[in-house]
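In this document, chain identifiers A, B, C and D correspond to the written order of the chains, with residue numbering beginning at 1 in each.
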Amino acid sequence: MNKVVANADEAIKGIESGMTLMLGGFGLCGIPENCIAALVRKGVNNLTCISNNAGVDDFGIGLMLQQKQVKKMISSYVGENAEFERQLLSGELEVELIPQGTLATRCMASGYGMPAVYLLAGVGTEVAEGKEVRNFNGKDYLLEYAFDSDFAIVKAWKGDAQGNLVFKDTARNFNPMMAMAGKITIAEVEELVPVGELHPNEIHTPGIYVHRIFQGTDYEKRIEQRTTRKKN
Amino acid sequence: MNKVVANADEAIKGIESGMTLMLGGFGLCGIPENCIAALVRKGVNNLTCISNNAGVDDFGIGLMLQQKQVKKMISSYVGENAEFERQLLSGELEVELIPQGTLATRCMASGYGMPAVYLLAGVGTEVAEGKEVRNFNGKDYLLEYAFDSDFAIVKAWKGDAQGNLVFKDTARNFNPMMAMAGKITIAEVEELVPVGELHPNEIHTPGIYVHRIFQGTDYEKRIEQRTTRKKN
Amino acid sequence: MALNKEQIAQRIAKELQDGFYVNLGIGIPTLVANYIPEGVNVVLQSENGLLGMGPFPFEGDEDADLINAGKQTITTLPGSAFFDSAMSFGMIRAGKVDLTVLGAMEVSDNGDIANWKIPGKMVKGMGGAMDLVAAAKNIIVAMQHTNPKGESKLLPKCSLPLTGVKCVKKVVTDLGVFDITPDGFRCLEYAPGVTIDEIKVKTAGRLVIADDVKEMTF
Amino acid sequence: MALNKEQIAQRIAKELQDGFYVNLGIGIPTLVANYIPEGVNVVLQSENGLLGMGPFPFEGDEDADLINAGKQTITTLPGSAFFDSAMSFGMIRAGKVDLTVLGAMEVSDNGDIANWKIPGKMVKGMGGAMDLVAAAKNIIVAMQHTNPKGESKLLPKCSLPLTGVKCVKKVVTDLGVFDITPDGFRCLEYAPGVTIDEIKVKTAGRLVIADDVKEMTF
């Protein structure tokens, strides 16, 4: 069972204009840099992108926004991006804002074969508008539907030819749930290791969820908020 | 943050007759042997036990059944146990049978703060009797409620004083979900390691879910179906 | 001659396609693993929490922490992954497992299956069977065509409590191979030496014989 | 003298109890970590997927893969654990996090909070705030008592779109400490040099002064 493809351009074959994509990452941490570059090269547009954030002006999904490839963003937070703001205010770009935990859980629900879940976030706020409210044990919950996508694109630290993935630190974030929720899931990894090198107890995403995998190159891994302390 | 207690007897303090307990494990694999022994010593009874199986006559939850400590079992499969069968047929013991995936997911729902989920298993069967059925995308699902418990008792391979847990192989099974679903969660481990020894990327159950932890002793780890092949 | 259990398993193994993730139930289905065709790579899922189930361990290598859904000691293979039972049934429910093979007491001609409970007998539970049949995208049943009393197990309607409704896609018995279709059981193949007449007599549910019905080959 | 931001954080730090799991929002809440009392061990949760958040890294040790919910580079501590964002919000929703501290634009005297959207301005999103306020079992708001125009942020009813309803338990401002009670804001402490009269003037929502109200000490 060999799911390895040569590179990002091959990995994104079949992604067409108008499709819905999930892109892993939180801020610029754990984002699929290689696939984003390939999507920009390919020039597909009218995309609906499900991603917690929309990158910055010149990095991450911001690169796709510059090329006007995105029709709609489904995110929890979209600051840090002037071009995003311009397109949004001019009406070129649509945005659906979703509480972060709800976003994560709606992806997870899809991966667990649950069509909908009841969640607390947003009860009594404008997020609840139009949504079914149901009371359990004295508390109100919103019915939230599972998200799926034509393609899910995730970034992992290590992976193998069977599609098994291990994530590093907080670069894990949304990647595991999105990997579970793609009709086709593409994983780019920093290190493609021989099958059997990842210990079966330590695999975060079993290969069954991953359809294509490749070793990425030239990771910039940009830091959004470099905060440090001084050695005394 | 030190959650270490001396032993199983100390760990089960506060467990009283009539309570609902979750016990991790699948068959005899990954069961909390030390805590079961302590519960037998303590002699609490009228317990409701949520556990995928009910042990065998002389091991696992079977030891509690011998002492007539269990009022009700909530399980997916209860074969392999003659005393269980005797108590069930005589009306001493109540049993609620639940599909295995539904059982796992109802525990998980609790740990994820979801009061109920929609699941496929059992639609159109007697399991669906009395349950709400709802159609999503042309398929019928059952509304299944989250399970919680007064105490969840799990068995892990390694753990630390902060309650972080790592499971071994298929001994993981129900343990992570039950750990999330206890009002109080007790973990017994084969190896209590110094804090910091478990790599943060490899922890299966973060310590926040675990309230008490101790190093177990004298694990028998009985094998239910010893199957082998011959070396040629 | 009707097929023996090994032959039923062998015939089902021909349904495996390269790249399939497969869940094999207890009994005859387990034997399917012994007949995976050359060049066909499949990954076996065990619903207690393993992808990449390997063969039984050599004597002395058994590990109590490493068992399959039938509670048998097993091994892993390079590329295996462990996970908890919630994720395991999640991947089944989400349609990630390509094929499930399991046994049955009865199958009806609309694809209902009964395999967990006999009224009046001690009920041991459904284990993972209800989850598997409700959610797997392709279900093949492996069973004897008739029960020990000689009564058909391929019925117009199951008499036993159901495990799942309209879920079975194919049935392989000791007598033949049958697809579940809107017209009932559609006989695609008959076992060597078994006649269509015998199949007709022993099938209580609606039965159609495929135009291109043929003798099974191994 | 009204408190400065550091002092607000310092006062909130006194609410921490040994063994607490705590989520600190962006801004003043982040500063609380600098004032954790001696002998009080808390574990900081970062909702992107970390328990056991440590201090900022030394210069040169920053790791792009290790950030907090404010996207700042951070470090781990012995005993830290990483997990995905679904589990992270799951543990918040399930009430495993003992205390959440976050900022606000407005708080109403029944505990509603608004902190994510100003009509007419670019809306950046709620991030994890709605999940946190809806589900955390104990929520303390850290904020200035009045906005830059001098208008009270402690209101009878929020004027801005809500982030959550009836969820805030306590508010610590530059002027004092207030519990949310059925009678409205209950002033427990006032900042050194601040008068009850000033608090009364600057609080638009219902306000009661605790019988044992006292000057804040550090």
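Throughout what follows, a residue touches a chain if its C-beta (ideal position, glycine included) is under 8 Å from a C-beta of that chain, and two chains touch if they have at least 3 such contacts.
As the structure is a prediction and not an experimental result, all values here were calculated from the model.
**Student:** Return the chains shared as contacts by chain A and chain D, ordered by label.
**Tutor:** B
**Student:** If I average the CA coordinates per chain, which chain comes out farthest from chain D?
**Tutor:** C
**Student:** So, what's the distance in Å between the C-alpha centres of chain B and chain A?
**Tutor:** Centres of chain A and chain B (C-alpha means) sit 33 Å apart.
**Student:** Need the CA-centroid distance for the pair chain A / chain C, whole Å please.
**Tutor:** Centre separation, chain A to chain C: 36 Å.
**Student:** For chain B versus chain C, what separation do you get between their C-alpha means, in angstrom?
**Tutor:** Each chain's C-alpha centroid was found; their separation is 28 Å.
**Student:** Quick one: which residues in chain C touch 2 or more of the other chains?
**Tutor:** Residue numbers touching two or more other chains: 50, 76, 82-83, 86, 90, 92-93, 135.
**Student:** Going through chain B residue by residue, note those that touch at least 2 other chains and give them in order.
**Tutor:** 105, 112-114, 119-120, 167-169, 172, 200-201
**Student:** Could you run through all the chain pairs that touch each other?
**Tutor:** By the stated definition, chains touch in these pairs: A-B, A-C, A-D, B-C, B-D.
**Student:** Name, in rising order, each residue of chain B that touches chain D in their complex.
**Tutor:** 1, 110-114, 160-162, 164, 180, 195-196, 198, 200-201, 203, 206-209
**Student:** In their shared complex, at which residues does chain A touch chain B?
**Tutor:** 105, 112-120, 136-137, 139, 141, 145, 166-169, 172, 200-202
**Student:** Which residues, counting only chain A, touch chain D once they are in their complex?
**Tutor:** 26-30, 52, 75-79, 85, 88-89, 97, 99-102, 104-105, 107-108, 119-127, 157, 167-177, 204, 221-231
**Student:** Considering the complex alone, what residue numbers of chain C touch chain B?
**Tutor:** Chain C residues touching chain B: 46-50, 55-68, 70-74, 76, 82-86, 88-90, 92-93, 112, 122-131, 134-135, 161-166.
**Student:** Over in the complex, which chain C residues touch chain A? Could you list them?
**Tutor:** Within the complex, chain C contacts chain A at residues 18-19, 21, 41, 43, 45, 50-52, 76, 78-83, 86-87, 90-97, 135.
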